[in-house]
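Lettered A, B, C and D in written order, each chain numbered from 1.
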Amino acid sequence: MNKLSLRSFASNWTGFILLALLLLVVFPAALDDFRLNLVGKYLSFGFVVLGLVLCWGYTGILSLGQGIFFGLGGYCIAMFLKLEASTPENTAIQSTPGIPDFMDWNQLTELPFFWEPFHSFAFTVFAIMAVPAAIAFILAYAMFKRRVGGVYFAIITQAVTAVLTILIIGQQGYTGGINGITDLRTLLGWDIRTDEAHNMLYFICVVLLLGCILLGRFVLKSKLGRILVAIRDKEERVRFSGYDVANFKTFVFCAAAALAGVGGAMFTLQVGFMSPTIIGIVPSIEMVIFCALGGRLSLIGAVAGALIVNAAKTTFSEMFPELWLFAMGGLFIAVTLFFPRGLAGVVYDYVVPFLSKVFFGDKKTPPGQVAAKPAE
Amino acid sequence: MFDYTFAELSSILVMQGFAGLILFSVFILMALGLAIIFGQMGVINMAHGEFMILGAYVTYLTSHLFQDYLPFAYPAYFFVAMIFAFIVSGALGLLVEWVLIRHLYARPLDTLLATWGLSLILQQIYRSTFGAREVGVELPDWMMGSLNVSDTIEVQINGLFVMGLTAAITIAVLVLLFKSRWGLQVRAVTTNRVMSGAVGIDTRKVDRMTFGLGCGVAGVAGAAFTMIGSTGPTSGQLYIVDTFLVVVFGGAQSLLGTVASAFTISQSQSALEFFLSGSMAKVITLLIVIGLLMLRPQGLFVLKVRR
Amino acid sequence: MLDVRDLKVCYGQSEVLHGLDFKVAPGEIVAVVGRNGMGKSTLMKSLVGILPTASGTVSLGETEVQKLASHQRVKQGIAYVPQGRQIFGTMTVKENIETGLIVSGRKEVPEELYEIFPILKEFSKRRGGNLSGGQQQQLAIARALATNPKVLLLDEPTEGIQPSIIKDMAKVLRQIRDMTNLCIVVCEQVLSFVLDVADRILVIENGRIVHENTRAEVDEETISRFLAV
Amino acid sequence: MPHIGPVVESDILLALEGVTVSFDGFKAVNDLSLYIQKGELRVIIGPNGAGKTTVLDLICGRTKVSSGSIQFKETEVTKLKEHEIVRLGIGRKFQNPSIYEDLTVLENLEISYPKGRGVFGALGFRRTAEVKERINEIAEMIFLKDHLDTKAEILSHGQKQWLEIGMLLIQDPELLMLDEPVAGMSVAERVKTAELLNRIIEGRAVIVIEHDMKFVESIAHKVTVLHQGKVLAEGRMDVVQADPKVREVYLGH
């Protein structure tokens, strides 16, 4: 077998450069405004899967609640945008002008206190990462200190997701309920609904995502990254090497939550709303499959997975809505049974050796000449 | 709540308690099969709800069969349906174990993903076969109506029936686990898998039978479920998270723990519903359970095993 | 009856048994002695199929069993009493014995077993975990005998048991052998017990058999040198 | 032989006093007292099930005591977490080599290097010349200098044992606890390991659990025999070997 070690993969740049070229050059040139905006929407899930690679792939903590962190980030920016859209002039017909419309419909006469800080853009940017991370911290710190892990932790994240989703839906007056926060218009006066704005946001999203990939690489290549792997494989030994394992797990879980929050914010900006249907139990577990399909040990692979599954979802559910759930279910089963390392694993086990055989005629791939499969 | 008289208050409490008991029955029915599979085998079966719904659809089909061909026997159709439900869900369980689960025993987190995929496929099969709308069965006459316990308290007969059925199924599972040869083997394998093989127990076969039985019990649960609610393709998903919490909270390996935790969770939820909205009651119940799990990660009832 | 040829067993990548050869005749009691960590338990576990065989053959009569799973070997007639007894602690004494009946399809615990171990009949409703060490050992042997074996393997049966009971155990094992003509392989480091029970003695050291002799000819000094602290 | 004779209070590094631990009523360690002096090499022997491994588990915090006290450098460690005990200066090698199979020898040693133990410390940790030098030094000592870039999973069993010892050495613990360090080793590896141990015990206390008596004779200062969770005998090797109680436990009569 001509397998490449995962480390030689992480240390080479080919995959990253190809992804950057694809996102920054090929897609903008080849796709129309509408499709490009769609890709941008898919890429906002890329942030989530980066976090999953860190906490699930490398540390072994499966979270079934990433949708919630995605949602919290999305709601933070949505609250800011909603406040900007709800000027007294725009809402003059309401019984209480100057507050978001859904609050007015729910007989609120005053802006709730926790909405107040979202008048500030700086606070909002901070909150997009800090709110998900804070919730993640409370959960993770308590659980990991008590050494709850594995499937128990996974189930508990799912329960937390259920709780928060019910809360958001139930507290209509404060959150917009099942409809979510809609009718978002401008960001600091810049209309985000135009094609130009969508294009601009696409590029912002891509640059941020590439930045986060680099950040993820930095973490994985540091000693911290190796400790994470060590925790996944032999938690007890790590304790007896003098590390407080709970702190490391908490850190990586919070980091994943913060990344998901950024993704949620980019989603809201590009799509123009945020609602509970995007963030519940089902979407959360779908995010896990993006990551599993792309490769839970590969940052680039996971982002590719998010793109591919979302694109397939759009295509399939337009053309054969009946078949989509079959395809999705089949994906879950096939990936776990046959490709536990996802597409990235397939690429490194088969495609790269094959390519290098064809182009270089040798059996062993020299490191540094590893090609990555294009994302789509 | 100070506007109520004492009599009114107590009858409301009784009614809430009764609602809690129905919820308790649903939890138990779901959790029994799950506890067998998760507690004994360590497999997270996210498709458990779909096995239950399969039982409900089988019951629905059986009721039509009786209506069309055996109308005179209609009052008794439910009991036949229950047997069918057990067989069909159990058989599917055996198949799933053979095709899917047995390859994943060493990877519990992956069973979670694979069975989630299975649940999506089953949901779509149900949707394609029975339509997206919920279907209900016609209750036989003897199950309609309600009993008046006092002037202000009345209880539905179908609710009582489901409770009785739940008790019967629970006892049946307990008897099976503690009195039958199969139960003997399951308990041996749970206690010490390696040693069980070394006294001649075919552990793989026990795994398959256990998974099949857990799914079969889910099917029976689905049949019972039709008596108090209608069935749609995604009905199974509604309860899966709660049920997992019930099982985990009770201590994964203890069936009695499962019963106790189902009782606690269902009663506290229905009691809270009196003071709060339904969704807030659920939120608070779930939060309490999560909080307690932080204090006792092994669950309420840990089986003490001397090694 | 039991015929082991060139048996090699590995833990991961390191070989622990380096090719053992020995035979045990029906009705014979063979003791395998050696200090801790010399490969005795590994031998037992590999014979019953808990550890895979790397190479070599293990035959029971005409049947080669080295590729079979544990429960199939038990069906062929190998019974195993593990180190530390490993009875099912939460199950009753009777249920523990019944786990051994599954393989032969019998329903009732044979009366002979209770005759050999009367204490088990008396305590049949107690939980196995609440028995004393010596009683648990009897239970573990009864559970193994319930499978109707041709070969009985015992791994350190005297561990953690009072000297007075150890004497009885040797007697019981010989009694079982006389009743059923099965062959017994017992791993031990307590020399007095070995001399009480065995017809033949094998000494194992670093995964190899380094000495072999019959009880009649055995030189106690030689054996104790292998076992000495 | 050093350090045998009356115990001087100030020389005591580790003191177990009246330690008991029970699992569901079964006392695996029963009212045990044990004192280890600075710079001492102590071998613990005893039949299977005597509680040897449990004693090490108690000292390093893997198992909590039911009653009794364990003091290391006059600090009570029974209430501390595992990593805190490690940081006090106690290193533990497990019975089966416990190393990170997916990482290289170099990375295994680097993770064990006692710097950057916090989350952000680990993030900012750099492989400086000092670190490299220390890793090379240790690798040389444990005979793995030529295997620094080898993945740990393909090392031989004996090499894995050495690697784990190296992972402890790099932390420079004051007390080193080794559970069957030569189990599964070839004769040649045993000889090298004895040599290694004799070198690393300088300047620190070591507790070894071992069955191989030849090996024990080649390293031991003082031997403690455990039986049913209690100390049966303690003293010099030849004295212990001659003790009738010990002979009974091991050989029977």
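Criterion: a residue touches a chain if its C-beta (ideal position, glycine included) is under 8 Å from a C-beta of that chain, and two chains touch if they have at least 3 such contacts.
Predicted model only: the values in this text are computed from it and were never measured.
*Asks:* Counting one step per pair of touching chains, how far is chain C from chain B at the shortest?
*Replies:* Contact-graph shortest path, chain B to chain C, evaluates to 1.
*Asks:* If you tally the C-beta contacts for C-D and for A-B, which one comes out higher?
*Replies:* A-B
*Asks:* Using C-alpha centres only, name the chain that sits farthest from chain B.
*Replies:* The most remote chain is D.
*Asks:* Using mean C-alpha positions as chain centres, tell me how far chain A is from chain C in Å, no decimals.
*Replies:* About 57 Å, centre to centre.
*Asks:* For chain A and chain B, let me know how many angstrom lie between their CA-based centres, rounded off.
*Replies:* From the centre of chain A to the centre of chain B is 34 Å.
*Asks:* Can you give the whole-Å distance between the Cα centres of chain B and chain D?
*Replies:* From the centre of chain B to the centre of chain D is 50 Å.
*Asks:* Could you tell me which residues belong to chain B and also touch two or more other chains?
*Replies:* Only 304, 306-307 qualify.
*Asks:* Provide the list of chain D residues touching at least two other chains, using ranges where the numbers run on.
*Replies:* 24
*Asks:* Sort out for me which residues of chain A touch chain B in the complex.
*Replies:* Counting only chain A, the residues touching chain B are 62, 142-143, 146-148, 150-152, 154-156, 158-160, 162-163, 166-167, 169-170, 281-282, 285, 288-289, 292, 322, 325-326, 328-333, 335-337, 340.
*Asks:* Give the list of chain C residues in touch with chain B in this complex.
*Replies:* Listed in rising order, the residues of chain C that touch chain B are 48-50, 69-71, 74-75, 79-80, 82, 86, 88-91, 95, 98-100, 102-104, 129, 143-144, 146-147.
*Asks:* Name, in rising order, each residue of chain A that touches chain D in their complex.
*Replies:* 5, 219, 222-224, 226-227, 229-230, 233-234, 236-245, 247-248, 251
*Asks:* Which stretch or stretches of chain B touch chain A in the complex?
*Replies:* 42, 44, 100, 103-104, 107-110, 112-114, 116-124, 127-128, 237, 241, 244-245, 248, 277, 279-280, 282-283, 286-287, 289-290, 293-295, 297
*Asks:* Spell out the part of chain D that touches chain C in their complex, as residue ranges.
*Replies:* It is residues 24, 45, 47-49, 154, 156-158, 180, 183-184, 187, 211-213, 228, 240-241, 246-248, 250-253 of chain D that touch chain C.
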